[in-house]
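Several structures are given next for inspection.
Two complexes follow with chain A in common, the first pairing it with chain B and the second with chain C.
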Partner chain A sequence: MDSSFINMEFLIDTFFVALSGVPIALLVTVVALLIAMPIGFFLALSRITEVPIVNGFTKVYVSFVRGTPIIIQIFVLYSILPLILAGIFERYNIDFPIYDVNPLWYAFIIFSFNTAAVLVEVFRSALKTVHAGQLEAAYSVGLTTAQAYRRIVIPQMLVSAMPNLCTATINLIKATSLGYAISLQEITLKAKVAANVGYNYLEAYIDIFIVYLILCITVEYLFKVFEKRLSRYKAVATA
Partner chain B sequence: MLDIQNVHKSFGKNEILKGVNLTVDKGDVVVILGPSGSGKTTLLRCINFLERADQGTAKFGELTVDLHSASKKEVLDVRKRSAFVFQNYNLFNNKTAIENVAEGLIVGRKIPKVEAYKIAREALDKVGLSEKYDSYPSQLSGGQQQRVGIARAVALNPDVILFDEPTSALDPELVGEVLEVMKEIAREGTTMIVVTHEMQFAKDVAKKVIFMDGGNIVEEGTPHEIFVTPKEERTRRFLRRVLPGEYDFQI
Partner chain C sequence: MEKYFDINYLWTALPQLLPYLWITLFVAALAVIFGSLLGLIIAVFKLSKNKFLSFLANSYITIMRCTPSIVLLFLVYYGIPAFSERFFGIYLQDVHTGVFVVITFSLQFAAMMAEVIRSAYLSIDKGQYEAAVSVGLTPFQSYARIIFPQAVVVALPNFGNGLISVLQEGALAYTIGFIDIVGKANLIIANNYNTHALEIYIALAVFYWVLSVAIAKIFGKLEKVFSKGQRTLKTS
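On to the complex of A and B.
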């Protein structure tokens, strides 16, 4: 057995094992964002325009998600969803092996559920930065509400949402590490499994650490570039 | 051409418009004067459905709509016949000057892009901004922004352009350039309803001057009738306060 403090060979090998979990982590992140963004946007809109019922539901939903740890949300949904689905399938005599479902599907559902609530608040504050006059001006030149939002309000809203959207995305990437609790084949789980063999936990943790760091710094950089592009019309201000 | 009848509007318990009637003929410039809170701006906003009136009708040529219960389609129809120039300009911040002008043409009226940009360039040329096609609002002065706002309205070639205190947010030295542009398009025969505090503009350009106070039209007539021979005491009191050169107060 290697007597040095850190097993370099294992550290390097496991780094690539951890790296092989990146696609799954990113897949979960992207799918969750794609599902959560429209949901978060419309719920934010319903909060701002005070749509009855939906507004109240959204408040409760956001408080619920914010007020509970993600790991508990994962455990609860992972336990309850199969039970509910199994009940439904049994009732309608559908033969579906509900307990053999790839945990990836649960990850999609759980992280979308969580991220949508985060994005409600991100979009709500961003929508408030767009002056009401922008919408009125769009109406006055004959745009419908949908056109006005698509062409005028949303592009401006996205610019102010960018910093918070970046934070939400990075938090989501990091949160996918909790997927190990439902055997999701992502970065943390893969490295930990590799470490189990020879109890090289320190090396595995260092690898996990570095992989997330690289991933998050890259995403942060991409967001910065994108934000700069989106805010072109502001960047040139005060000529 | 434009006939507005019996417009009522309240915000909560506060009754802003108490049954206003207004008729505008094609090519007329109608100037609405009055102290703040008299309902001038609200009246304009009700005509363009930026505010829903509680009651009232509007007749744009052959199109008659109920200002309270008009359908979405009717609202769009009215907005296709009218244009609005805002006190705070309200240019689309994420679009250049020319995109601001072309937006309503391309998206609202389905005019092909090439033609829309041609119209937009002509409109910007008319307001003296040939050099600023590709500037974003953040790169323009207040006066320039408002001229883009006017170009955006003119380009739509509407039956009537509604001006809501177009110079009130401007630095004093920038008011002149905007008023010049407004005079120019008035000379071309554009039908305009203008809410303003610029008395000289009203005297020079208006075909009809309306004095509003407390949600009602108190008096209306030619500039001469309103400024020189006003009949109502309230009109006279208002004019004494706003017209320069007549000091009826003591320090």
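On to the complex of A and C.
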């Protein structure tokens, strides 16, 4: 092949193809975070308060997710979910085409499953940074448990959880690049399909690389701004 | 009715996969060795007072943190041969895919290690170095005998986490046609005409799970052993 090293025209065209996958990647990220955050929080609470059965279950669940590669989790869940759903639908005689489901739904489930476990650890270590006296003080002024958590514990916990939450979000965005395994139309798959025509894989991957870099730096910046906002009360306290 | 899930496939898959586990581990081990060396260099760059060098190190770490492994893997796989062909006229088409896998994960592991090494180094009190120099050790000796052994203990838990993560990211090597444990699993599934994939995948998950838990346990033990020594030093 005597063609030039990089096909500039293709590089620029495909950049926009890759960019068009960003909404899907972000949608999966946001939905997975929204589902995983409450689950992660309550499981973290159950770990700390040592709720009998839930605690043990959470331990195994977190160990599994942290102990296996995400791609393997995708493989396993993507093969097991249709089986389970088919069984349920068959039992209740629901006529539902499971094999025509948009992969987006599988992506939501799989990435929530993964992120919830990551967030259990994030929230658990963050909850530990909140002094036990805070909760006792909240009770002593007559707040209910729900109020105490909502107004006293969670705001403080979130500040120390922020850096880890940022890492978890970045990892989640990166993990959506594995959506190809369930044919999710995100950044990587879209650019790769565009490259299939003329074997311009190198250009396609350079585009994908740039798109993720932009995404990731933006998200990191937003988290930094948000963290500053959340820790306002600290600045007041020291002043 | 056809049986969807047959546990027997799992038992037959395990012995078939086991020999390929060594390939996975070997690649991870090479990536850890090269990655640690490169990570040390990057950490030195980042800690250096030279603004350009620390900027270089920071950019490298940010880029690696932001790039999904699979993208990096393909960039290396397509990029290095194209680059060397264009600029040096060297054809790398016959190079084993394993080489690209090792390069990719070394690059990635280096970024992780750079942060680990840097934070471990910074956690050691400056007085330790000063004390070492003041009793007549050369700067190299004080690093080798005083700073390094203490920094290693601090770095141990993060190093363990890095090890687990490089092992797991390595699961993607199959995408460029490398036959490690995941690649072999996909071959087995293809031989079964794509049936009973679930059993094979569960077998894979079990392998990785056991390995990760074992590594975490070993590093937990190591940490305990080393920090025990620290406590006796303090009290004596």
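We adopt the following convention: the second predicted complex is superposed on the first by the 233 of 239 C-alpha atoms of A that agree within 3 Å, B and C clash if a C-alpha of one lies under 4 Å from a C-alpha of the other, contacts with A are read in each partner's own complex, and residues count from 1 in each chain.
The rule we apply is simple: a contact is a pair of C-beta atoms (placed from the backbone, for glycine too) under 8 Å apart; a residue touches a chain by one contact, two chains touch by 3 or more.
Since we're looking at a predicted model, the values are computed, not measured.
In the overlay built on the shared chain, the residue A:Gly133 is in contact with chain B alone; chain C does not reach it. With both structures placed on the common chain, the touch criterion links A:Val141 to chain B but leaves chain C unconnected.
Put chain B and chain C next to each other and count what each touches on chain A; the higher total goes to C.
Of the two partner chains placed around the shared chain by superposition, chain C is the only one that A:Ile170 touches, whereas chain B remains out of contact. In the superposed model, A:Thr68 lies in contact with chain C only, and not with chain B.
Once the two complexes are overlaid on the shared chain, A:Ile94 sits clear of chain B and of chain C alike.
In the superposition on chain A, A:Tyr212 makes contact with chain C only, not with chain B. Once the two complexes are laid over each other on the shared chain, residue contacts for A:Ile152 go to chain B alone; chain C is not touched. Once both structures are placed on chain A, no chain A residue is touched by chain B and, in the other complex, by chain C.
Residues of chain A that touch chain C in their complex: 5, 63-64, 66-73, 75-76, 79-80, 83, 170, 174-175, 177-178, 188, 201-202, 205-206, 208-209, 212-213, 215-217. Every residue of chain A that touches chain B in the complex is listed here, in rising order: 131, 133-134, 136-144, 147, 151-152, 155-156, 159, 233-234, 236-239.
By the touch criterion given at the top, residues 4-5, 62-63, 65-72, 74-75, 78-79, 82-83, 86-87, 164, 168-172, 182, 197-198, 201-202, 204-205, 208-213, 216 of chain C touch chain A in their complex.
On the chain B side of its complex with chain A, the touching residues are 48-50, 72, 76, 79-80, 82-84, 86, 88, 90-96, 103-104, 107-109, 135-139, 152, 156.
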